[in-house]
Amino acid sequence: MDFPFMLQALPEIIKAIPVTFFMAVAATAVGWILGLFIALIRRAKTPGISQVLAVFVSFMRGVPLVILLYIAYYALPTMIYSYGLSIGREIDVSGVPAILYAITALVLDQAAYSSEIFRSALGSVDEGQLEAAYSVGMTKTQAMIRIILPQAFAVAVPNLGGLFVGLVKGTSLAYYVGVYEITATAQLLALPKLNYIEAYIMTTVIYEVISIIFNKVFNVAENSLKRFRGVATA
Amino acid sequence: MNLAAIPSYFPKLMTAFPVTIRITVESVIFSLLIGALVSVGSLSKNKAIAGIAKGYIAFMRGIPTLILIFLLYLGLPQVMKRIGINMQGISTITYIIATLSLSTSANMAEMMRASYLAVNKGQLEAAYSVGMTFRTAFRRIIFPQAFGIAIPTLGNNIIMMFKETSLAFTVGVIDLLGKGRAISSASYGSNRLEVYIACGIIFWLCVLILERVTKFTENIYTRGRKQATAK
Amino acid sequence: MAKVELTNIHKSFGDNHILKGVDMSIEEGEVVVILGPSGSGKTTLLRTINFLDAADEGSVSVSGFKVDCKKHRKSEIIELRRKTAMVFQNYNLFANKTILENVMEALVTVKKYNKKDAEKAAIEILAKVGLGEDRLHFYPSQLSGGQQQRAGIARALILNPDVILFDEPTSALDPELVGEVLQTIKAVAQTGITMIVVTHEIAFAKEVASRVIFMEGGKIVEQGPPEEILVHPQEARTKEFLNRIINTNA
């Protein structure tokens, strides 16, 4: 083991953690909101759009993330460029940071997977809850926001936790579209003197610590929400 | 972008399909074998063994597959060399199969553990009560029920792993995506978007088929049986 | 003017014609008990009153507010629901809210009370159904069925509705818990509020009802004061039903 290398490289790799987190948090924030709307629209069975969304979800779940990243990386610049022309501006696409493409791919991925989680969680809320909300005079929106969604969310938490940890792991693939997150940084540092084993052991430890922390966080959330998961019907 | 050209890449890409299939099949087999061992360990009454098995599962679930590939492919030969073992003769496809077997084995172990625990405890007691040994009870009573419970998860695990075979290109294996990269670099990247979309479509169709097969197997297997509810 | 007026209610689920033209008129302060075998449409009838199941034909009127079942606006349904309240067979307490929050919920969201007033009113009404301070912050899943159902009654009562609809309020309960819930419903009946109760509890009907309605096959077979219907029924189908119930209960 090349300990001097490790001491020197570790701070550099740690500096890349925010890049990884930024991708994960941005993809979660946008992707899960999209996913919730996809789930609600598909549940409402709005004709046309509901089928289109079903195909979208199926495609996103069928295509490996690394291919999705490549597609976003090569398709988006052309799309942005031609959009620019359509509004009469020539956009310098080379100025767009790669992380934006990576986040776009991750957002689509998260939207698809989280929509499936939300869909099954919404389905698991007892029909009687909606009826009870109606019976006391709530509107549909009130019933959704105050009664149905909180319960569905409680059911979804464990799966969302798994999805998030998977996403953090998935961000390592952004290396292939040129984002200098944890993995890419380690790879870069290891190259000159071929310190692969040291670099990847450090990377492994960082990812393991991240997943331990988030598993714990989601576990705590799950337990604190448990008391109102599911009605105890006789 | 030339959408109409996408299908024209299918035949060339498909020449690499047997490689993807081989990686998938071998990794499924090895991950099931390792998973079985680990799940037995995780159910062990010996706290140390159960702890090691659970630690293994947690570790494999925490590490990105890409990092595991790099550890095995770039790191392991370095370590081995220092203790005098030369790993140069090992083919790149072996590394990818080893990686996917290890990473998926954790999911397989969890699946087996959960399915085993989901079978009603009374089933084993009933088997004992008619004089069966654990071996017989497991083979004839527990396993058939646990398998029925596990089918959807098994299908899902295989699908996830199948998608991860796309990482084989990272060590230079010419699988589907590896072929795609080769095609696109042969034309200096001019058609890369179309090629990657074509790759994506092939993966998607395969996943759709795998989902169908899973559902079909589940229906066949559970037909006429009272389905025990999975966790 | 009748408190609740149903005219020519028809309802089908697919090919299954459940309600075949029901008329019903209920005066203020009446306690109406609807009896009938399962599949007779009594629960569906109750659910058409607050449009949890919208009838295909006919009209529903509560306190003079009339809604046509064929063509109705969302806002009309909401207004109608705000004049009624329901107690469910499976309690249907909001699983993500404590008992206190369950009872406060509609006061805050629907009646726009401020939280303090809502809480005060909720505590008061919960005490009336026998749920004291020690239970207020429990979640529904932490309570017995009887306690949950009493909270369900409090949730309905607090809205001060023109009519309360009870849908088999005791049939999901363990036998030893039925008594406490019936006792609570009886106390509610004595306050003079208009009630419609679907139930199988004959003894309860005898004691509390001001009128008993016997339904079968999606129609009202006969109705009248409890002593008349339960003791001297005129229709053969009513007699048969009562015999069956009394025999199985004995």
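The chains carry the letters A, B and C, assigned in the order they are written, with residues numbered from 1 in each.
Everything below uses one rule, namely that a contact is a pair of C-beta atoms (placed from the backbone, for glycine too) under 8 Å apart; a residue touches a chain by one contact, two chains touch by 3 or more.
In this text, all values refer to a predicted model and were calculated from it rather than measured experimentally.
Enquirer: With centres defined by CA atoms only, which chain is the most remote from chain B?
Expert: Using the mean of the C-alpha atoms as each chain's centre, the farthest one from chain B is C.
Enquirer: Based on Cα centres, what is the most central chain?
Expert: Located nearest the centre of all protein C-alpha atoms is chain A.
Enquirer: Report the inter-centroid distance (CA atoms only) between chain A and chain B in whole Å.
Expert: A distance of 22 Å separates the two centres.
Enquirer: Centroid from C-alpha atoms only, then distance chain B to chain C, rounded to Å. What do you get?
Expert: Chain centres of chain B and chain C, defined by C-alpha means, are spaced 54 Å apart.
Enquirer: Take the average of all CA coordinates in chain A, do the same for chain C, and state the distance between these two points in whole angstrom.
Expert: Here chain A and chain C have centroids separated by 46 Å.
Enquirer: Identify all positions of chain A at which a residue touches two or more other chains, and write them in rising order.
Expert: In chain A, no residue touches two or more other chains.
Enquirer: Give me the residue numbers in chain B that touch at least two other chains, ranges are fine.
Expert: none
Enquirer: For chain C, which residues are shared contacts with two or more other chains?
Expert: Not one residue of chain C touches more than one other chain, so the list is empty.
Enquirer: Hey, which residues of chain A end up touching chain B in the complex?
Expert: Against chain B, the touching part of chain A is residues 58-59, 61-68, 70-71, 74-75, 78, 165, 169-170, 172-173, 175-176, 183, 187, 190, 194, 196-197, 200-201, 203-204, 207-208, 210-212.
Enquirer: If we count contacts the way the header does, which residues on chain A are in touch with chain C in the complex?
Expert: Of all residues in chain A, those touching chain C are 126, 128-129, 131-139, 142, 146-147, 150-151, 154, 227-234.
Enquirer: Please output the residues of chain C touching chain A within their complex, sorted ascending.
Expert: Where chain C meets chain A, its residues are 50-52, 78, 81-82, 84-86, 88, 90-97, 105-106, 109-110, 139-143, 145, 148, 155-156, 159, 165, 172-174.
Enquirer: Can you list the chain B residues touching chain A in their complex?
Expert: 1, 58-59, 61-67, 70-71, 74-76, 78-79, 163-164, 166-167, 170, 177, 192-193, 196-197, 199-200, 203-208
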